Amino acid sequence: MPHTNVVLSLSCRDQPGIVAAVSKLLFDAGCNVVEAHQFNDAETHLFFMRMRFAMLKPDASIAALEAAFEPVANEFGITWTMRSLSEKQRVMILVSKFDHCLADLLYRWRTGELAMDVAGIIANHPRETYAHLDLDGIPFHYLPVTKPTKMEQEAQVWELIRAANTDLVVLARYMQVLSDGLCAKLAGRCINIHHSFLPGFKGARPYHQAFERGVKLIGATAHYVTPDLDEGPIIEQDVERISHHNCVEDLVRKGREIERRVLARAITWHIDGRVIVNGTKTVVFKD
Amino acid sequence: MPHTNVVLSLSCRDQPGIVAAVSKLLFDAGCNVVEAHQFNDAETHLFFMRMRFAMLKPDASIAALEAAFEPVANEFGITWTMRSLSEKQRVMILVSKFDHCLADLLYRWRTGELAMDVAGIIANHPRETYAHLDLDGIPFHYLPVTKPTKMEQEAQVWELIRAANTDLVVLARYMQVLSDGLCAKLAGRCINIHHSFLPGFKGARPYHQAFERGVKLIGATAHYVTPDLDEGPIIEQDVERISHHNCVEDLVRKGREIERRVLARAITWHIDGRVIVNGTKTVVFKD
Amino acid sequence: MPHTNVVLSLSCRDQPGIVAAVSKLLFDAGCNVVEAHQFNDAETHLFFMRMRFAMLKPDASIAALEAAFEPVANEFGITWTMRSLSEKQRVMILVSKFDHCLADLLYRWRTGELAMDVAGIIANHPRETYAHLDLDGIPFHYLPVTKPTKMEQEAQVWELIRAANTDLVVLARYMQVLSDGLCAKLAGRCINIHHSFLPGFKGARPYHQAFERGVKLIGATAHYVTPDLDEGPIIEQDVERISHHNCVEDLVRKGREIERRVLARAITWHIDGRVIVNGTKTVVFKD
Amino acid sequence: MPHTNVVLSLSCRDQPGIVAAVSKLLFDAGCNVVEAHQFNDAETHLFFMRMRFAMLKPDASIAALEAAFEPVANEFGITWTMRSLSEKQRVMILVSKFDHCLADLLYRWRTGELAMDVAGIIANHPRETYAHLDLDGIPFHYLPVTKPTKMEQEAQVWELIRAANTDLVVLARYMQVLSDGLCAKLAGRCINIHHSFLPGFKGARPYHQAFERGVKLIGATAHYVTPDLDEGPIIEQDVERISHHNCVEDLVRKGREIERRVLARAITWHIDGRVIVNGTKTVVFKD
């Protein structure tokens, strides 16, 4: 069966001829471009491209196309990924006490909206914390963490991520800071949802900070995790209006709404190959 | 001086090889793609593309590039436009009594935000209606209209549009319905701002209709003008929240805010070659 | 234990002295106003008020306060409700095949965000349709409906609503039109979520209609159910941006997001006594 | 002629009986409440109220009503203002090089949307900087400022504010930090528009900061000016979406859109008596 939905995402130093070379190669291989974006960052002189295409030849394989692409990539110094959207990414979800993002991701996954495989759930609270969620068929790992056991627990987390052939790690309100070492291992494939409109209200208890400051909108930020806490490349942000009527608990409640939709968008775009890291920023190809 | 910002916008029946052919041609002509979008409409089987590129060869001309593109366009049956963004489009603004869109467009034009030339203003109210606006250096045409003189006035409107080498006509709350004949002449290059969130509240006095219905959001719609009133391809829409406190006058006031920003976006995207008509809809290439 | 959160919602013909009379009565009864709104509709000459207050006297009862309020209400011709927010409203949820609103309402109910009692779920699809939802402890009624059995099924629906002492009926994407008779019985206490930005795209398959029209934003509308289909008083609406990339399925997916938050807001405001019907419109007291 | 639109805004320590006392006094004086809000801040135990009412007795005067209110205010320790909305506030606008907020405020003032009197414009750039704006009939004061003359210039600014019986000072992108002394003199009646979503990107060049950080939304903040730079009580904030396509100039351009509408809302609410300072925050009575 031919692949109808293959995505090539790439970046390289800007130079003439990239689009021509890539599109010629795809055409020669019998591919038809369905949706594409190209962007040249005038500041960094980096070039970014995402192409989604159908492979029209019945016997075409992604492996063969990758092999054919290799020399082009080398010529232009391209960093790239190629993937059929029908091969779902394996996503490991890390969660702490608050389960609204987890519940939302599972719902979107079951309706087919989030085209991923759930590789497992790692929680630092026991299974019964999520009693109302249907975790049927999903590997659930309870890994409690305390200050003295933090390093050890993180080693177990990494081992589970590795063993499950995880493509993407999602910190769905995990509330634990990952070590620099683990951040490095997961560079570009670990998304965190921070419950504030970064760079406002970094660190702990952002809704309390927002309440104290008297802001009129609160937000949430999905970003790739880096050793610099709350400083990773931002993928998506959104906000909601609050008023003087709202206490901290109201902010937390409204925040749940923002967090879950911001995180879901970030994951959707990531697994669709729409997000490409551009230094401390991201390129997100949408419309 | 080489052209640094040329835009090619095109559409044609979907078929493999378009991107490859176009990008090869641009590369051979010494062009460097700066920003591009491609989109294949799965329903209509039409293909849409916008490419913005720099012409790197010092002696390159757009005329020569157009000539080189001609055979490719013929081969694929492509409808296209190619334009340097430094050659500004000539925009004729038609206005009636309410001048908030006109005032806004002129402000954006003077700050350089709207990269257009104002070919003139045609108003069915006299010059003193706009006493507070600086129309210095802009041809102002007062063409009053009454039921019996409507045909004749429209002929004058058309003559002014024609004589001024107008690229785009903007109905900035003009409040007059154009005849089918004039709509046909201006197909794809006449933008109207309708003061409702279409298809809700078509026709006259939409804010009164919205008030009567008790909606919680009001909107505005920028669309290409077609003989079917309020049915042209939509370019942009936006909304604002209203409440039970708001009377019709408040809706009109809030509406001014929405209308001016929706119209400004639609014009900006049109003159940037980002809008391509797709039957009764539009493709708008943004992010 | 004194009541700390009592809500009085009222409307009557506008006339001087209402606020003074009501607030004097509350003060004499030892109540302290915590949050209040008054609004005089200049068009209909109706007056609306919501007061939330704490009853400070240890032996105060709502029944006694109601008795004391009766003569004031009669004097001014006031329509009113008085309720302690700690006495939760009983909500019956009607659902069809699509369960995103149901899933969302149950999540908000379990976290305590929606301060209601779930009186039961009436579905025209069998229990296994909602296999992934935890309906533990919630009366579930499977009442399939076909054209010939519609009247009979609706009689059963009404009997369940009645028997469960239902305060509010929520059509959480129920997809069945209620008879005029049932609409009348549930006047002002039955909320429907319509999957379009009314009055645009009334009736069936609104997302298909929106797709055909090529709108740039889609919406959802929560309204009280009346015999006039899709014409009931609107409580809340919201929208999301779509683009040419989105097919009908994308609209349906994005619509789920809007529907669930619009419905949740409408229910929250209704059970907080913030929504008062004003003819074919609503007054919603928020900020 | 009786006053049809009088606004009483007040705050005091929370205590039972305030609403009853105030509304009884208004009723006895022949006033009819048209719109009102009351709010009790559970954290600070402060009570806030805004009442808009019509004075129905033909011979009623605001002065007499104020005199009658005085004892009530003293009894409850109320801080208050009472004003007829038909007596317009005198607003002094301070502006620097960028005139988009000034242009917008003047437009809204001329259409009657902003019901204020323009007491004058103080600019640190000469008159010709605003050549395209119609300043006809508005006192224009050119007060250039340099580091050595800052104190002296500010003394002139204050003298102009004082002499013009200014009710409200608006820093419409004035770009100069006021001294602590002037901030104190203007406490609660000087509104600044800051071109970022505070508390993100305080200080200079916020759009450059936002660009560097790679945020996905930018914002603007209208706040009362206090000696603590960018820390004054926030009145209103709003945001717009940006993308990787946008350079700093695009952010500045989009920012103009946000700044002008956020500032206009803040001024409108202030002169309507809807904003009451609550320590380092504000209460804003809207819906």
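Lettered A, B, C and D in written order, each chain numbered from 1.
Assume a residue touches a chain if its C-beta (ideal position, glycine included) is under 8 Å from a C-beta of that chain, and two chains touch if they have at least 3 such contacts.
Being a predicted model, the structure only gives us computed values, none of them experimental.
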(request) Please state, in steps, how far chain D lies from chain B along the shortest route of touching chains. (result) 1
(message) Only C-alpha atoms count here: how many degrees separate chain A from chain B in terms of the superposing rotation, rounded to the nearest 5?
(response) 180
(request) Report back the single chain whose CA centre is most distant from the CA centre of chain B. (result) C
(request) Please report how many Å separate the Cα centroid of chain A from that of chain C, as a whole number. (result) 36
(request) Find the geometric centre of each of chain B and chain C from their Cα atoms only, then give the gap between the two centres in Å, rounded to an integer. (result) 42
(request) Please list all residues of chain B that touch 2 or more other chains. (result) 35, 39, 42, 243-245, 284, 286-287
(message) Which residues of chain D touch chain A once you look at their complex with the stated criterion?
(response) 39, 41-43, 48, 197-201, 212-217, 219, 233-239, 243-245, 247, 278, 280-284, 286
(request) Within their complex, state which residues of chain C touch chain A. (result) 35, 100, 103, 106-107, 110-111, 113, 131-134, 136, 243-245, 253, 256-257, 261, 286-287
(message) Going by the contact rule set out above, which residues of chain D touch chain C in the complex?
(response) 14-20, 23-24, 26-27, 30-40, 42, 56, 284-287
